[in-house]
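Sharing a structure below in C-alpha cells format, with a few things to ask.
Chain naming follows the written order as A, B, C and D, and within any one chain the residues start at number 1.
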Amino acid sequence: MSETKIGAYICKGCGLGERLDCDQLATIAEREGKANVVKQHDFLCNADGVKMIQDDIDNDGVNHVVICACSRRAKTEAFNFENVAISRANLREGVIWVRPDAEDMRETTQEMAADYVRMGCFEAKFMTLPASEQEKGHNNRLLVVGGGDAGMTAALEAAKAGYPVTLVEKTGQLGGSLGKMWKDVPSHAPYADPVEPDVKELAAQIEAHDKITVHLNATITKTSGSPGQFSADITTESGGTTTENFGAIVQASGAKSYDMSKLPELGAGKSPDVVDQMGLEQLAMEANGGAIKRPSDGKEISNIVFVQCAGQRSTKEGHLPYCSGHCCLTSIKQAMYFKDQNPSIETNLIYTDLRTPGAGGEDFYRSGQEKGIIFTKGIVSEVSSSGGGLQVKYKDLILDEDVNQAADLVVLATGMVPNSGVDIEAAPTEAEGDGGNGASQEVTVESILNLTYRQGKDLPHLKYGFNDSHFICFPYETRRSGIYTCGPVRRPMDSQQAREDATGAALKAIQAIENAKLGRAAHPRSGDLSYPSFRKEGCTQCKRCTVECPFGAIDEDEERYPVFNESRCRRCGTCMGACPVRVISFENYSVDTVGQQLKNVDMPDEFDEKPRILVLACENDAYPALDMAAMQGNHYSQWARVIPVRCLGSVNTIWVTDALNAGYDGVVLMGCQKGDDYQCHFVKGSEIAHERMSKIDDTLETLNLEKERVETYEVAITDIERAPRLINDMAAAIEKMGMSPFKF
Amino acid sequence: MSEVIATNQTILVVGGGISGVTAALESAECGKQVILVEKNPSLGGRVSQLYKYFPKLCFPSCGMEINLRRIKANRNLQVITMAEVSGVSGEAGNYSVSLKKRPRYVNDNCTACGECGKVVEAEFDDEYNYGMKKRKGAYLPFNMSYPQRYVLDPRIIGTPDADKAKEACKYDAIDLESQEEEIQLNVGAIIWATGWRPYDAAKIQPYGYDRMENVISSVEFERMLDPFGPTGGKILRPSDGKEAKDVAFIQCAGSRDRNHLRHCSRICCMATLKQTTYLREQFQDDFKASVYYIDIRAIDRLDDFYQKVQEDPNVTFVKSKVANITEDKATGNPVLHGVDTEGYHRYSNPHDLCVLAVGMEPSVPKDAFPVEVKINESGFIESNGSGGIFAAGCSSDALDVNRAVQSATASALRAIQVVNRVAGTEG
Amino acid sequence: MGDYNTEMIEKYRGSFLNEVQDNVEEGEWVKMCMQCGVCSGSCPLGPYWDHGPQEIFMMIRAGKREEVLKSSSMWMCTSCYNCIARCPRELPITHIMHGLAHYAMRLGLAPKEQPTHKFSLIFWDNLVKKGRVNELKLGLSLYFMNGFVEGIKTSFKMQKIGLGMLLTKRLNPFEVIKGHGCKDTKGLQAILAKAQELEAARVGKMQG
Amino acid sequence: MAKKSYSFYPGCSSQKAASASNYEVSVKSMCDTLDIELNEIPDWNCCSASIGYSGGGELPRLALSARNMAISEQAHPGQDIVATCAACWLSTKEAQERFNQDSSLMAEANEALAAAGLHLKNDKKVRHMVEVLIEDFGYDELGKHVKKPLEGMKIAGYVGCQTNRPFGIDGESFENPKYLDKLVETMGAEPVENYDKKVSCCGGALAFSEPEKSQALIKDIIEAAYDGGAEMIVTPCPVCQMNVEIYQDQINAKYGTKFKMPTVYYSTLMSVAYGGSKKDAGLDGQIIRAKKLEEIAAK
C-alpha cells in the first residue's frame, strides 16, 4: 500500500455543529492528528457528504479515513468505503448525547470531542488495510465422520449443493443406530404410525452419488491443518491408511445406548426379558413383522411395561442427569409395534413427564392412546423376575398408590451417551479418578478426530460429554473452526432433529470452505480479512498465546514458536492480549492502534482537576450498551475516554500500565459475563481478561497507586443504565482518591 | 429502497426474525445473493421482545448485535422492511415474487437524531410492548431497531403532527408524499420464516384474560422485565401497580387443546421455568411461584434447568390443568380453581398475578399461502424438500430459538442447492 | 343382573378398559384422557365426588372395576357440561358418566341407596309408563323413595313449596288420577323395547 | 314481517298445570306479538332430560328424541323444531348430532321407530326459542315491538348450563354469554354486568335427589345476583327457573339469608314489555311475585 494519507471528516449534523466548535476540532485533526485532508460537512452521512469522501479517496489518494461523527454502530452502510482503513471518532453517542447541553459544560464537552478526534486520527494512522495474503486453502471437499442418519444426511445435502464428500464410517455398514431400528417415528403428517426408517433409502442415494466417496470399517487416525486445507489419515480395520485433504469436517459420531447394566434395580442383567430400547428394536428386527417373542422362552408376549427415564434425569451416581429427548416418542412407537400386531396385548407406559413436543409429537401421543397404549404417570422402583415372569413395582402418582404389575417384557428407556471422543478439558486425574461408573467409560475413550492441535485431539465438550455450542443464537458455533458436529453427539435428539441438524452443519462446513478461499473470518467477526502476525525475533516462546487461544488456532513448531493457522483464527485478539512481549498484532487492530489512542489523549496536569478515565469496552456488548444509554439520554462523566475492543481478551495489560504511567486517573474494563453461563462470544476472552487483571494489583503497588483505580466488570448489552453508572462510580472514586501523581 | 437487484440465483428470505435473519446471513456468508423481507419497520422479530433466553439467561439483544454487525458488513444481503409478499408464481429456480411495501415516510437521510419524535404529540399503542405502553406517532420501534431509522405512524399522515415532524427534521428525511410500492422480484429459492404469534389468550374463556386485569400472558410478562418497558423493569400487577410476588403460571394455555391449538408449543414450559427465575432475581427470597402443568417438557440438556428450578423452595409445581379463574373482588386477586391430579386434591388458590403460558400460533397464511406448499393440521409448513420453498424456524414447527436457528441454517443449504443447480455450479 | 355381572367379569378378565369400551356409552373415549384434571376441577358438585372423572378414567385403566362401578361418583353428575366444554381432548365426559352409571345399574352394582340413582330410575319408569313425566307422581314417589317415614318428613318439608306450586297452578293434584301422557303409549313402549333389544344385541356383538 | 311457523316441542314441564306452565303462557303471548306460529308436535313424548340415564340406555334415550323428530317431520315438513325447554332442546339436538356422526346408530334408531311405524330422516334444524328470537328476528326487530319498556329495572341474566354448553347460543362464549343481557337491554331494563354466577350450575335435576348440595349452588347464584344489584333474575330454562325460585325459603331457613328474588323467563319480560297483561305474561305463576313487572303490566 502506498504511503499513508489520512483524511479526517467532521460532521456538523445531529447537533454536533451547535454543541461543538468544529473549526477547533478541524485544527486539532490537522495539527495534532496529522491528517492530510480535513473537511467539515453539515450532514456527512447524506449522499453529498459520502460523495465528498469518496472523491478524496478516488482522486486525492486518501487511504485512511477518520469519520468524526456518530458511533461506529450508526450509519455503517453510508461510511462503508472499500479498500481504505476506516476509524470512527464517536462525537454523537460518545460525546454530545452523554453530556448535558449547558454553558458551563461546553469546555469539557469540547475536550472530550477533541480527544476522540485525536484518538481517531492516531488509530487510523497505525491501521493498515487488511490484505489477506496468507496462502489460502482452496480444497472444497467435506469430510463427514460417521455414517449414521446424521452423517449420511450431511453428506447427501452437501453433495446436492455441489460439494464433493468423503464419508468415513467405523463399522461395516451405513445406518448407525437408526439402521438397527425396525421402524422410525414419523417426521411428516400424518403422525399416526411407525414408518420405515429412511436409512436404506439414504444409503442407496449415497452409493449412487458420484460426488460421495465412502470408507467403511475406517476411522480417522490423524487430522491436521485448517479450513480449506485440512489433512486427514483414514485408517481401515485392515490397517491401510490413506491421507486425504479436505476443506471442512462434519463430525456425526452419534451416541451409544446408556449401559443398562448400571440399573440392576430395574432388572437389567437379571432377566433376558428386561431390555433397553435398542434391545427391543433388535427383537422387532428378528420378529420381522411377526409377533415379537419373549427372549427367555420364546413365549408369546401379552403384557409389556415401558419404563421411561430409566437411569436418566437423575443426579444419582452413574445416572444420566439429562433427558435424552427421544425416548417418549420411541417408547410410544415401540408400544405400537405390539398394538398394531395384536390390539389385545397390554402395553403400559410409565412416565413422569410425557415429552412429545411440537405438532408431530402431540399427534403421535394421541395416536398411541387411540391404539390403546396405557399411559401411567408413575415412578418405577423395582423390576424383579418371579416365576417365569417379571414383577414391576411402581408408584402410581395419579392414584397415589403402590402397584405391583406382572409383565412378560420390560423395556427400559435408558437414553443415550455421546461418542464425543476425548474430553480435552478434563483434568487427567479425573479421567481415572473417582473410580466410578460415570468415569469408567471415559478411561477407555478413543479419539474421534485425533487432531494434531496443540490443545488436544478432539473438540472440546460443552456439558455431559456433548459437543454442543454454548450459544442460543448460534447453535453451530464451534471452538475448532471448520469442524462442525451434528446429531446426537451434539445434544440428545431424535432422528428427525438429527437430519435437520446435519443439514445445518453441512451448510456451516460449506461456509467455512467458502470463507477459507477468501481468507475471511467466520462468525462472529464474519468477513474480517485481518489475521494475526507476529515478530519471531521478539518471541520468547512463552506459549501463552498457544494455550489461551479459545479456538485452538495456534500450534507450536519444533522450536516451540507459535504457528498461526489463519483460517482457524477468529480474530478475537486474545493472543495479542496474552503476549507479554507484544509481538502479535493484526493489520487493523494492534497494540499500537489502541496504545496510540490512549497515549494521544490530551492529559491535563494534576492541578487542572480534570481527571481522565480510560474505558476499554467490549465492542459487542458494553460499547452498544453505552451507545444505547446515549440514545436514552443517560449521561456519564466528561472525564471518560472510551475505546471499543474486539474482546476483553484482546486487552494487553501493557495498555493499562501505559495508561497509568501516562497519568490516567482510572481505568475501567468492561467485558462479557464469564463462567459456566459465559456470554463472551469468544468463549474464554472475558474470563482470561479477568484473570489477567486480577494480577494488575502488583503493578499498581509498584506504582504505588490505589488498586481502586483499575476496575474490571462484566457488562451485558442490556446494562444501559448500569454501564454509565460504572463510569460515574470511577469518577466519584477518583474524586475521593485524588488525581493520579503520574501527570507530566 | 428504489432498485432491487435480484436474479434467479437470488435467495429470498421472508421474515426478519431470528430465523429469517439467520437464514439470510448463513446464505449470504456462503457468497449467495440474498434479499431479506420484513413486514415490520425493524428486524428482530419475536425474540427482540424477550428479556432473557433459557437456559443460559443471556440476552437476545447480544446475539442480535452480532447479527446486525454481520448484516452491515455483508454486501450480498439486501434488507427490505415494511414489506410483505403479495404474490408468488413459477417454480424452483425461477420464481417471480411481488412485494407490497408500505410507506415509512422516512427516507435513509434519517440519522435517528430523534427530533421528529420530540415534536409529534399523537400517541398510539406500542406494538413492541403488546400495547402495554404508548409510543409517539413518530418513533424508533425499539433501542436496537434496524434499520436505525424513525417511522411515521400512518395515522398521523394528513394531521398537523405530520407537518410538525417534517419541519423538525433538518435532514429532509421525512417524505409525507411516499406511497405504497409494488416491487417485482425474480428469485431462485424462497425461505419462509414468518415465525409465530402468541395465541390470543382471550379465546381461553375460563381464564378470563379479557375480564380480569391480573391475568396476563407470558409474552406480556417478558415485557415487564425490560427497563424501558411498560413497568420500567418491575414485576407489577396491572390492577393496582402493586408488586406481584405471588405469581401463578398456567401451562398449555391454548396448547395441547383441541378447543385451541392442537399441538404442543414446546417453548412454554422452559419459558415459565425461566420466568420463575425473574421472580427470584427481583424479589430474592420474598416471592412465590406456582406452576400448574400437565407435563413439564424440558427436553434434552434443558432438563437440568428444570432440576435447578425444582430445587428452589419458593417454586411449587401442581400437576393440573386449571379449570377456571375467578376474581376476588376485594383484592383483585385471581383465584385459580382446579384439581391437583396427583392424588386428587381440590384447590382454590388466590395469587397476586396469573401468567398464561400462551401457545405458539404459526404466522403462516394457512388458507391464503401465495403458492402450493404442504401445511399440516397445526398450520406449520411441512417443507418436504421438493420445490424451491423452504420453511425455516417456527413456520416449520413449534421450536425454541436454538432449534429455530438450526432449522434456518438447514433451510439456507436447501435454498443454496436450488440456486447452485441454477448456476450449474455442480461439479 | 348379578349373573350378567359375573358373565362380564369372565368375558373381560383383566381388562376393565376393554369392558368399558365395549359396553359403556362413549366408553371408547376413556383411553384418550391425558390426566389434566380440568373435568374434575370444573364439576359443580366436584367436592362431593369420591373420584373425579379424570381419576375414574385412570382407575378404569388401572382395572379398578368394583371401585368404579360401585362408587356414587358418577351419580353426582348434574349434566352441566362444563367438563365437555373444557376438555382439551374433547372427551364427552358427561355422557361417559351417564354411561358408567347406567352400566353399573345394569350390572346391579350401582349403590342401592344413592338418591340420584333412585330418582333416575323412578323418572325413567315414570316416563315409560305414559311417555311423559308426571311431576306430581314423580315428586311423591321421590319423597317416599327413602321409605314411608322419611317420605312424610320430606313431603312435610316440601309442603310449602307444593302449596305454592298448587296455588300458582304449576302443580295439579288431579294428576295422580288423570295426569299427562302420550296417546300412543303402546307405540312408544314398542319403540323403547326394540331399542333396548338392539342395544343389548350390539353389546353382545362387540363381545363376540 | 311475515308469519313464521315452527314445529313446537313444549316438553313435559310446560304442560298445563305443570311446573313451567307459566313459561308456555308467556311464550304464547310473546309469539302472538311477533307473529310466530307454534305448531305443537302431535303426541310428543318426554326427552328423558339428562336424568333418565339410569333406566334408559343410550339407544332407548335417543329413540325418544328420534320419535319426536320423526313425528315432526311427518306433521310439519319444512318447519324447524323449536323447544322452549333447555333440556328438551339439548336432548333433541344431541340425538340429532349422534345420528349424524354415527349412521349405524341412526339405522338402529329407525329400526326401533319402525316398531311404531315411524321413520326418521333427520333433516331438520333443532333450535331453542332464544335462537329463533336472535337469529330469525334480531335484537333490533325484537326491540321494535316494545310498548312498555321495563325502565328502572336491574335484572340478572342467569344463563345456566344447558342452553349454553355444549352448543351455546349464537356462537357466544361459554363463560360469558351476553344474549340474556342483550334481551334485557332490548326490553328497556338494565342488565347486571359481570354477573359471575351467570353460567354456574343450579344442580339441575339433582335439586330433587341432592337438595342440600344443589341448594348450596342455588344460594350462590341468587347471592351473586343481589351483589350485582339485581332485583330480579331472568332465565331461559324451566329447571333453572324452578330451582332458583322455589327453594328460596328453604335456603333462607338454612343459611339465614333473606332472599326474595323473583325469577322469571325472558318470555315473561318480553310479554310484559310487549304490553301483555299479568295473566298473558304468566306472572300469576310466580311463587315469588314479580311485583315490579306486575306494576308495569298493569299500566
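By our rule, a residue touches a chain if its C-beta (ideal position, glycine included) is under 8 Å from a C-beta of that chain, and two chains touch if they have at least 3 such contacts.
Treat the numbers as computed from the prediction; the structure is a model and nothing was measured.
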Comparison of A-B and A-C by number of C-beta pairs in contact, larger one: A-B
Most distant chain from subunit D, judged by the mean position of its C-alpha atoms: A
Most centrally placed chain, judged by C-alpha centres: B
Rounded Å distance, subunit A centre to subunit B centre (Cα mean): 24
Whole-Å gap between the CA centroids of subunit A and subunit C: 64
Distance between chain centroids, defined by C-alpha means - subunit B, subunit D (Å): 46
Inter-chain centre distance, subunit B versus subunit C - centres from mean C-alpha coordinates, in Å: 50
Set of subunit C residues in contact with two or more other chains: 34-35, 55, 82, 89
Subunit B: positions in contact with at least two other chains: 206, 256, 319, 324, 341, 344
Residues of subunit D whose C-beta touches two or more other chains: 174
Residues on subunit A engaged by subunit C in the complex (per definition of touch): 344, 346, 354, 365-366, 369-370, 372, 374-377, 396, 398-399, 403
Parts of subunit A lying in touch with subunit B, wherever the complex brings them together: 13-15, 43, 45-46, 70, 74-77, 80, 157-158, 160-162, 188-189, 211, 313, 315, 321-325, 353-363, 377, 397-398, 400, 463-464, 466, 468, 470-476, 491-493, 497, 500-501, 503-504, 506-508, 510-511, 514-515, 522-524, 526-527, 620-621, 624, 628, 631-632, 672-673, 677, 679, 681, 716-718, 720-721
Subunit C to subunit D touching residues, read off their complex: 25, 44-45, 48, 76, 78-82, 84-85, 94-95, 98-99, 101-102, 105-106, 110, 115-121, 123-125, 127-128, 131-133, 135, 139, 142, 157, 160-161, 164-165, 167-172, 175, 180, 182-184, 186-188, 190-196, 198-199, 202
Residues of subunit B defined as touching subunit D within the complex: 205-206, 208, 211, 324, 326-327
Complex interface listing, subunit D residues touching subunit B: 173-176, 194, 196
